[in-house]
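After this come two complexes, each holding chain A, first together with chain B and then together with chain C.
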Partner chain A sequence: MRALGSILKDYLVLVMILGLALITAVIQPKFISPANLVNIMRQFGPLILVSLGMTFVIIGGFIDLSVAGTINLVAVVTISLIDPLGQAGALATGLFLGSVCGAMNAVLILTGGATTQAEALFITFGMSTVYSSFALIYSGGSTRHFWDLTTSHSVFDSIGAGDVGPLSVSFIIFLVALAILWIFHTRTAAGRAISLTGGNKTAARLAGVPVDRSIVLIYTIGGFMAALGAIVLFSRITTAAPVIGFGFETNAILAVVVGGTTLKGGKGSVLRTVMGVLLVIMLNNCLNLLGVSSYMQWAARGLILVFAIWLDNRKEVQGNQL
Partner chain B sequence: MDTAGSEIILSIKEVTKTFPGVRALNGVSIDFRRGMVHGVVGENGAGKSTLMKILSGVYKKDTGTIVFDGKTIEHTTPYESMQSGLAIIYQELNLVNTMSVGENIFLGRFKEMKGMRGTHAKARELLDSIGCKVSTTKLVSELSVSTKQMVEISKALSFQSKLIIMDEPSTSLTSEEMALLVKIIHQLKAQGISIIYISHKLEEIFDFCDIVTVMRDGNVIDTKPKQDFTRDELITKMVGRTIENEYPERSRNLGETLMEVKNLNTRKLHDIRFNLKKGEILGLVGLVGAGRTEIVRALFGADRVHGHSISINGKPVNIRNPKNAKDAGLGFIPEDRKLQGLVLPFSVEHNISMASIERFTRFGFLRKSSEKGIGAKQVQSLRIKTPNVKVAIKNLSGGNQQKCIVGRWLEIGPSIFIMDEPTKGIDVGAKYEIYLLMKQIAEKGGAVILISSELPEVLNMSNRVLTIYDGRITGEFEPEHVPVDTIMRAALGLAGGAL
Partner chain C sequence: MNNLYRLFVRQKALVAIVIILVVMAMAPGLFSVGDQFYSAYNLLDMLNSSSILMILGFGVSLTIISGGCDLSIGGILVVAGILSIQLQDFMPMPLALLLAVLFGTLVGFVNGFLVVHQKTEPFIITLGVGLMLTGVAQQLSDAHPVPAKNPDFMQIGNGYLFGDGTFADGHFPGIPNLVIIMLVCFVLFAWLMRYTAFGRNLYAIGGDYDVARYSGIDVIKNKWMTLVISGTMAALGGVLLSSKLNTGSAVYGDFTALVVNCGAVVGGTSFAGGVGGIPQSALGLLVFGLLDNAMNMLTIPSWYQVMLKGAVIVAILWLDSYTQKRKRELV
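Up next, the complex of A and B:
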């Protein structure tokens, strides 16, 4: 009985996903139509990439609100560089820019001596507005479209809409990123250092674990993955507006926490985040199909976040009883 | 003293409590008598804290009966148990730092006290009754541990408590503060209040407890009046085996100079200089806050320093952070086990391996089988009690947790081992094992820098002690040949020693 209970608790999110899918499929058979499933897979792309990066930041015991700003900046800069630099140059510069934005957060956090998640919250919130305004200044506030470009944008087209066999290109990008990040987290010394940093910064530092390096690393990964998400996103919609990243930071944090990575740091997994993202996207999709108003959907999302954090804290209480 | 004559205030019968994988209490029965100070002793993990948490309503018992003051207690919340007259004062204290003394005493009961004026007036009365002079409007965050304890005691009295449980109250008290606590305990006893006094320190048990219960591995081993116990018997019953001495023989094969520290200056420390020989245990003696911990933290690169020059084996080393220190051959057991030593949600294995990650990493990748070997090896060689190495370290007792931290460093074999309060909150048996480890390190040609607030421990373990007062070294002694009060005078800044 106890075993069943703990499995249910550990995989509550998965159970919720299955339950939600089942209910929707019964009420609205359109849900399991191929078109809708492809739609889900496409939506999956940008958010999952950003959320995978966010997972590392949260496992490391911090938080990153700057990803929205990073996405805005990377999107407008990358699209503008396709003509002058070519596709490969634009892609590389975009990813590099995202990593720099992320590393910049870490540098500010370290030099500012911000040791708590709350301080990091405000610093990255500030940086988000800085990156966003850079995006607005750089683009002059205007939106760029693929059809305005003079040179080829075939690579971005295939990232946005291409397929390899039954899988979309963006889905393959996700699978590769997931595999690399999962191995990085569970199998490398740097990944372990990140977990230990999130588990107890002071103890990790006093055991000679490179805590500062871990902090730079988590934010750089966060920034890089936000940039990757930005590229997949604007490639799909063939348009880069300087406000394209709006709401991504909250959705990513929601997905990570709903997936079961603790906000307290230390414990978590990128695999859990995949489940979390799936729930967030399916929730949207199902509620849309069921005809629930978008205002109501916002409320649902908020309540699920609160529920996930509540669940997380309950696990903590029970774990401490011994 | 006629201990049998007095009436029973609290009776515990056949209480059991099981946590996943661990039987914490195994049919425990104890009678506590009115107006007595009842000592409960036992190693960490013996079940004392679990029992107290059941009494105070934090945990639910599995089976058994508890009768308090004539009423059977089934399940209560901590607040209910306080109201019924059973108060518990935890080691880590339970006060709201940002509120005043008076507010803390009557937290949530301001209305009954007829507002803040009544609250402070009543709080004043309670504090005066135990001879505490602190102002009721002072913030709790500004108080010393000792004064906070007084506030807790006043709070317990405000509930007309008939029984007060004190969980390791003396851990962070100075000897004067301790004397004050003893005075209050006698006073409470005179008012007919019963005290359950939980402690590791045998001196205290023999000093003022009337009855003593020994617990081990979730069982009550013995309960009888203090005078019927001998010191050796008590220790034997606690650890389940005979311990010949509390401290091992000093090791005596001092070699050449291993480390030389010069011009160590920080905001708090002034021109600290000393050297450390191979095979030596060097004790740092001083009051809490004198700068002992600051010295070792600076050495280990944990705090910012204004300047220092350190050489190990004659070669200068530059230690800017703990990683440098580790690479230079230093190991460090920090003062606060939970906050600075352990990564609580992580497993025993990962806690042990965290200082030696480089050893089982190849091309950046962890070799998990080697890591598992490291965990298993240390668990075995240090006799760490744990079901397996995958268990979260928070489930281990304090002594076993501390051994994990020791094992973490032994794995990389440091030549200089810094231990800041290594036996704090650890039971007698585990203490002795840690002493033996120190000795082994020294005998293998390493050196130990030992800080401890327990003076007998430093004096019996160290080859040499430095006294620290107000950020300066005030004396250097060989504790074997110098009377204790000479060392204490230097530690109190009263007289210079043989420097």
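Up next, the complex of A and C:
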């Protein structure tokens, strides 16, 4: 009985969302129709990529609110470069740009000597507005469509809607990214250094762990994955607007926290984030099917974010008392 | 050189204000814009529009001085602003305004419970609460501006005291109501922080939480109170903003919270806690008011304005943490 209680406590958010799914399935049988399940899988793409990057930032004990700005900027820059540079050039430049945005955050945080999540939160929040306004200035505020392009955009078409056998291309991108990041995190010294950095920076530094390198690494990975997410996102909707990234930062943090990676840093895994993203997307889907307005969905996400962090924190407090 | 550095770090706000004023003094010659910046009308208008930011900033300063922060004020501001107009359909105006302000008190109370009593990270929790309230505000207003119907309501935010608000040579235009309200809050908060046990306790808590606790200060009650006050002030700001614009809208959310929290830091309050004060915060927020006004005068396109403001915010926060770093290294 106590074991059941502790499982319930550990996975309360999971249980709640599954409960919501159950209620939705009863009220709206459409929820478990194949078409809807495919729909859920398609929405999986961009958010999971961004969240995988965010996982590293949070495991490293920091936070990154700039992904929204990075997505905006990468989307408008990449689509505008397809004509002049060709598809490979545009893709490479987009991913490089995302990594640079991420690395820039790290440089600001390192040179400023920001050691807490709070300082990182404010700095990346500010950078998000800077990147977003770059996106607006670069694009002149206008939205670009694939049909405006004069050269071929076949690669982006297949990223957005292509299939390889039973799997969509974006799902394969996700699997590859997950495998690489999981191996990186669990099997390499640099990956372990990130966990150690997040656990206790001072102890890690004294033990000879390259803390500064870890910080640069987590933000660069975060920026790169945000760029990858941006490319998958605008390829799927065949349109790049300078505002498409808004909301991704909170959704990604929500997914990471709901998945069970603690905001205190040091503990967590990319595999947990996969579960977290599934839950967040399922939640959105349920709320849609139940006819909840998009505004109230915002409110619900905020509420669940607050609740999940509170729960995460309680576990920590109780763990310390034992 | 070292003195110059210290001046720049300690008096960021004053340095920034001087830079803006000098640039604007030279602007008519350099950028071929008019010299309206130094007109009485413009300076009063600038003070007027900074007033609401300052009112928000006084409340937030308490949370920052005690070592926390409040990012939910953007959400509280918009919900209270919309409520103050919508509730007028059901009840007399004063009651509606009071309820809208009390809503902020309630949110502050919940924030306090989560952040102080349950000891969660204030930054991310209040960000989440702000996010939630922005959603609520959009739902309440259906994402459209909500117009106010009562002319008396509009008068609160647009009226003048001791004058009729007209500008003519040799004619005193009076003082805008918002500036009066801001000044009253300023005196109240400055007194609170400087001369009351509550205010002094907040400095002690921000300086070192554990030492304050062992010295017998009821840390939880005091810190909880800061979030309640900050929520109340945010709601008051929201009501005044709705009155000034004569509409309630859900679009002033996140950026306001960031600007106000950073404004307090520009003035010399630090996220490390324990330092700063109400006059410093007022100066810091004046920097943002001046910056907005100057950029409009120079007819800088709005996207560039957002970028500049974002860059200024990043620079300030960078400087804040850099100062902390130097302090750590000196020890």
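Criterion: the second predicted complex is superposed on the first by the 304 of 322 C-alpha atoms of A that agree within 3 Å, B and C clash if a C-alpha of one lies under 4 Å from a C-alpha of the other, contacts with A are read in each partner's own complex, and residues count from 1 in each chain.
In the analysis below, a residue touches a chain if its C-beta (ideal position, glycine included) is under 8 Å from a C-beta of that chain, and two chains touch if they have at least 3 such contacts.
Because the structure is a prediction, the values reported are computed rather than measured.
Colleague: If chain A is used to align the two complexes, do chain B and chain C fit next to each other or clash?
Modeller: clash
Colleague: Going by the contact rule set out at the top, does A:G113 touch chain B (first), chain C (second), both, or neither?
Modeller: A:G113: touches chain C, not chain B.
Colleague: May I ask you to decide whether A:G126 touches chain B, chain C, both, or neither, giving the answer as first, second, both or neither?
Modeller: second
Colleague: A:A193 in the overlay: touching chain B, chain C, both, or neither? Say first, second, both or neither.
Modeller: first
Colleague: Hey, is it chain B or chain C that touches more of chain A?
Modeller: Partner touching more chain A residues in the overlay: C.
Colleague: What is the contact status of A:N313 with respect to chain B (first) and chain C (second): first, second, both, or neither?
Modeller: Touch partner of A:N313: chain C, not chain B.
Colleague: Scan A:A300 for contacts with chain B and chain C and give back first, second, both or neither.
Modeller: In the superposed model, A:A300 contacts chain C only, not chain B.
Colleague: Look at A:I137 in the shared chain and tell me whether it touches chain B only, chain C only, both, or neither; answer first, second, both or neither.
Modeller: A:I137 contacts chain C only, not chain B.
Colleague: Between 24-32, 204-212, 258-266 or 312-320, which run of chain C pushes into chain B after the superposition?
Modeller: Only one listed stretch clashes with chain B, namely 204-212.
Colleague: Which residues of chain B touch chain A in the complex?
Modeller: For this pair, the touching residues of chain B are 19-20, 22, 24, 59, 300, 302, 321-323, 325-327, 332, 334, 339-346, 350, 354-355, 357-358, 361, 364-366, 368, 392, 394-395, 408.
Colleague: Applying the document's contact rule, which stretches of chain A touch chain C when the two form their complex?
Modeller: 63, 108, 111-115, 117-119, 121-123, 125-130, 132-134, 136-137, 141, 250, 253, 263, 293, 295-303, 305-306, 309-310, 313-314, 317
Colleague: Quick one: in the complex, what on chain C touches chain A?
Modeller: 69, 114, 118-125, 127-136, 138-139, 143, 255, 258, 261-262, 271, 303-304, 306-307, 309-311, 313-314, 317-322, 324-326, 328
Colleague: Can you name the residues of chain A that touch chain B in the complex?
Modeller: 2, 187-190, 192-193, 195-196, 199-200, 202-210, 262, 264, 266-267, 319-322
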